[in-house]
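Consider the two complexes below, in which subunit A is the common component and subunit B and subunit C are the respective partners.
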Partner chain A sequence: MTPAPAQAGWKFRQPSVIPGFGLTLGFSLVYLTLIILIPLSGLAWRSAALGWSDFWRIITDDRTLKALEISFGTALIAAAINVVFGTLVAWILVRYRFPGRRIIDAMVDLPFALPTAVAGIALTTLYAPNGLLGKPLMALGIKVAYTPLGIVIALVFIGLPFVVRTVQPIMEEIDKEVEEAAATLGASRFQTITRVLFPGLAPAIVTGFALAFARGVGEYGSVIFIAGNLPKVSEIAPLLIIIRLEEYNYAAATAIAAVMLAIAFAMLLVINLLQSWSRKRYG
Partner chain B sequence: MADPSIQTYAPPSEAATAAVTESPVARAVLMTVAFLFLGFFLVLPLIIVFQQAFAKGMGTYLSSLNDHDTLAAIRLTLLVAAIAVPLNLVYGVAAAWAIAKFEFKGKAFLTTLIDLPFSVSPVISGLVYVLLFGAQSMLGPWLKANGIEILFAVPGIVLATVFVTFPFVARELIPLMQEQGTGDEEAALSLGANGWQTFWYVTLPNIKWGLLYGVLLCNARAMGEFGAVSVVSGHIRGVTNTMPLHIEILYNEYNAAAAFAVASLLAGLALVTLVLKTILELRYGAELAATRGH
Partner chain C sequence: MEVRAVNVRKEFDRFPALHDVSLDIRSGELIALLGPSGSGKTTLLRLIAGLERPTRGAIFFGDEDASHRSIQERNVGFVFQHYALFRHMTVADNIGFGLKVRHGADRPPAREIRRRASELLDLVQLSGLENRYPAQLSGGQRQRVALARAMAIEPKVLLLDEPFGALDAQVRRELRRWLRDIHDATGHTTVFVTHDQEEALELADRVVVMSQGRIEQVGTADDVYDTPNSPFVYGFIGDSSTLPVKVEDDQIWLADRPIGISAQGFAAGPATLFFRPHDIELLDGCSGCIAGTVVSSRRVAGTRRVELEVGGEQHRVEIELPVDHPAAQKSRVAFRPRKWKLFPTETAS
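Let's turn to the complex of A and B:
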């Protein structure tokens, strides 16, 4: 982007010969307002109308706190797992050449394309106590489905492409000469990776982590089948919102949603700052 | 950026690059770990969908699909996507035109707002419409008095779907059109084309593959959305159940064969989406912008 030339006085827009500015911006703003901004501010207004003491009472309710803890905790673990394996998958796709690489590359986007309900019942069938993977795991004494571990599994599935697709393009841009320089200066391969390559990838890895985490916190469809949904054990916050709605307890549903939304927007802000920081640093 | 006209030296031989790659043993270990991970987390769930769908034979598969409620769910899913995707397509083109072709105050903020739905939990995307149109809302009594059904009916499902698929087309087109600049349009205008002609004959051909890419992803999400739609649909069998919601009902009724039969259709859609997406990336990669930036 070229910086706008300094101009005397405040101008809403730079002059241009291209037509359609008013029409397209006007339509975009109206549509954005109707579909996104009014409904979201409705939520903010309704939770503000609750009053502080009611709001606090709902949020500090034992079951609510547990649900939030489970949602954020499992999303955190799943995002951490995805950082490790997502970075590994990106590395293999960028650096190694092997038959079927294109297919694997395309498959990484499967969690984006596969409806969450389908992923949910498939993972549940796999990890159920009598399932293909659940049975051997059960023999080892590990129960996956209908426990918080099941939630983590579902969120690993959902979050994987976020890490791979954030890290992969940055890896592709790494100049091999940097590694060659490190090697000629006597660095071992391990030192080159940890001291030379990793610092360059760190912003992308952190961004991928944040994206996977943010998605995991709000995830519903893939989780509810495998979670078992036991209150205070494996009940996620989005499910608690739905339960409160079905009880016609709009106040509680609104308050939980407002907390989740506030945290999600804070995360969005952090992600944006991270991305502009890494762009500035690494072009 | 390096000057493309300057030829770089030929890549060094295998021996010379040994210092900048892992030992064969390390490579083998890394690849095995990655393949196992992908196998367990991506391939196996996909296989299990089709295996379960056909576990009781082709006859059961076809008869579970040829069920009145299932067919109604398929029709509703197609209808919802047929409304939501074009709406977001028109919006995406309009927003990209305004943002990419002009410089104005608040542009960066507007671009951030477009991505907002991606950071909202699907359940909350549905909840906001319940709060807006539900019986307890300000609009609720008026809607009821006038016989307008939004919640637990098709309009609510469409709205929730539009909300969650809102950014897909716009976020694909904005970087693409920014990259292309305004030179082509300015040339067309100076040669006497009017605004619409410029859009149809100059801009649209330039962005068609990016547009298709965005529509593809938008459609996949629209047909597969579960959380948001689940909140507003009311789960009326054969009336307001989309395919993902119908899968949930069948699964909870322990009718796994039927649930996976419907799921196999959506999994098929996901595979077709991935194949088309990959073809677009391979053939028109240069004409797509944020092909990697989710």
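Let's turn to the complex of A and C:
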């Protein structure tokens, strides 16, 4: 009855008898090379032309470090906020039937479709010190626009659908029986949610987090309006790259880009490993 | 623990799923709720568990009215058809879950929970699989884990909803015997739902036959098979053949011939005759018998099933003959049921 031990080492999964494996793999490789690999290696090559000491000087420059810190920091905070509220939105949409549910469901996708600059301008108008929300917040001593807080708000807006849309389908699959089983075993509603439902959703939540985070790191359009772009305070790394480009300082631009790429890749790799580890366990 | 359902009615969106059902379940009994789908058997089980609330009536645990107790307070062990295991937990964590969610002094120490989990795994014959995840187990193994999990909380009653429904035939048979052994060893009051009559008759102390939201008959396997109290039970349990007949002068008439069975005590009028295909005697001549033309003959395991066309109105009945019986070769067969039952035909139908 014991299953066969897992095969050690590397092995291709046996392709099925239906032909097409060679063709599809070949196409995918060519495609990925053209679209992703060549541009990215161009980036590495351009920044390598800089020489090690120049490269190091540019990336350890105070303004660069600060910009990277703001970009990754705000993206992390925004993704964390989205995980909490995105999961909540998904829960409401999956679990309850109420008037207007379909409208809310459709609204979740708006940040996908809206040009990000439009979102940025709308948010800025709203949160500017004389704006509809900015004014009362100012009175409370909270300044949103032109600070990192403003960046976080823009990234929350942009990232929300990523969490909702990854968590929602998994949540829909949860069997009602699992909850009933927990209840018959004496678990309270709270214990059922925290110990049974959410751990089951964890892989989807991690994926949603990764997507929202990746989107946040790369986001440009919506952020530059609300951020105010004060160097070392609210200037994001993508903007700094644009600034260097406008100064015709291509080498510096590619150097910053290469660092961003390396950090983002490392973080996404860790998240993916976490996920495949949890998938393997929970099947 | 004794469980009683008293005049329970349950409606879903005004559609009645159970009409006024009453049932006494004795302490330590293994009882089956048997019926076709839509008969209300699962609804009754879920009402006992507290997963549904009755529209009217009450569920008693012992002398205590449990109808308004929450699921958590009822302390029942429930096993679902599709296992409903927690897939992010190991087998041991699944079994220990019911103990771990208890509060304060009720919660045993972690070591005790682990000990109980491995003890229960021994009971369900899965020792050594503590650290597996449900995804790594076969269907039969998962259902055993689900049962161990339900038993870990020392439930007052054990409720099983089609526990073997998702498993293949051989595993089903194996688990059936195993469940009986476990029941005999632990003595839990156990109620299980099934649509498989073989399972119900073989496993249960008493069988509750249900149809269309009502209990048709409650009794041992012998009771419901030998003395069914309604046409539904006769037709549902075991094989049966039926013939439309007429009662007149204390005789049963098929078309215009008496079939040689005395119907003393039955009211005159149209009726339906029920008999078991294997419980018949073959006759040579025909003066007072049922005679028919052989339409088809099929070999079924150790016997031969012969389909006969009886009477002018083309009613077909099945009878069972020994494989080597010469009558199977004949084109015309006469017989008389040895045991039978007569139900008056409802005028409405």
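Note that the second predicted complex is superposed on the first by the 229 of 283 C-alpha atoms of A that agree within 3 Å, B and C clash if a C-alpha of one lies under 4 Å from a C-alpha of the other, contacts with A are read in each partner's own complex, and residues count from 1 in each chain.
In this section, contacts are C-beta pairs under 8 Å (C-beta built on N, C-alpha and C of every residue); 3 or more make two chains touch, one makes a residue touch a chain.
Bear in mind that the values here come from a model prediction, so they are computed numbers and not experimental data.
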Touched partner set for A:218, first subunit B, second subunit C, both or neither: first
Subunit B versus subunit C as contact partner of A:38, first or second or both or neither: first
Partner chain(s) touched by A:175 [first = subunit B, second = subunit C, both, neither]: second
Contacts of A:191 with subunit B and subunit C, given as first, second, both or neither: second
Touched subunit A residues, subunit B compared with subunit C: B
Which of subunit B and subunit C A:228 touches, first, second, both or neither: neither
First, second, both or neither for A:202, with subunit B first and subunit C second: second
Contacts of A:183 with subunit B and subunit C, given as first, second, both or neither: both
Set intersection of subunit A contacts, subunit C complex versus subunit B complex: 180, 183-184
Residue numbers on subunit A that touch subunit B, as the complex places them: 4, 11-14, 16-21, 23-25, 27-29, 31-32, 35-40, 42-43, 46, 85, 88-89, 91-92, 95-96, 98, 102, 104-119, 121-123, 125-126, 132-133, 156-157, 160-162, 165-166, 168-169, 176, 179-180, 183-184, 189, 192, 211, 214, 217-221, 225, 238-239, 241-242, 245, 248, 250, 253-254, 257, 260-261, 264-265, 267-268, 272
Subunit B residues touching subunit A - in the complex, by the definition given at the top: 19-23, 26-27, 30-31, 33-34, 37-38, 40-46, 48-49, 52, 90-91, 93-95, 97-99, 101-105, 110, 112-117, 119-124, 127-132, 134, 136-137, 159, 162-163, 166, 182, 185-186, 189-190, 194-195, 198-199, 217, 220, 223-227, 230-231, 243-245, 247-248, 251, 256, 259-260, 263, 266-267, 269-271, 273-275, 277-278, 282, 292-294
Footprint of subunit C on subunit A - complex, ascending: 1, 3, 175, 177-178, 180-188, 191, 195-196, 199-200, 202, 281-283
Residue ranges of subunit C in contact with subunit A within the complex: 49-51, 71-72, 74-78, 80, 82, 84-89, 97-98, 101-102, 133-136, 138, 141, 146, 149-150, 152-153
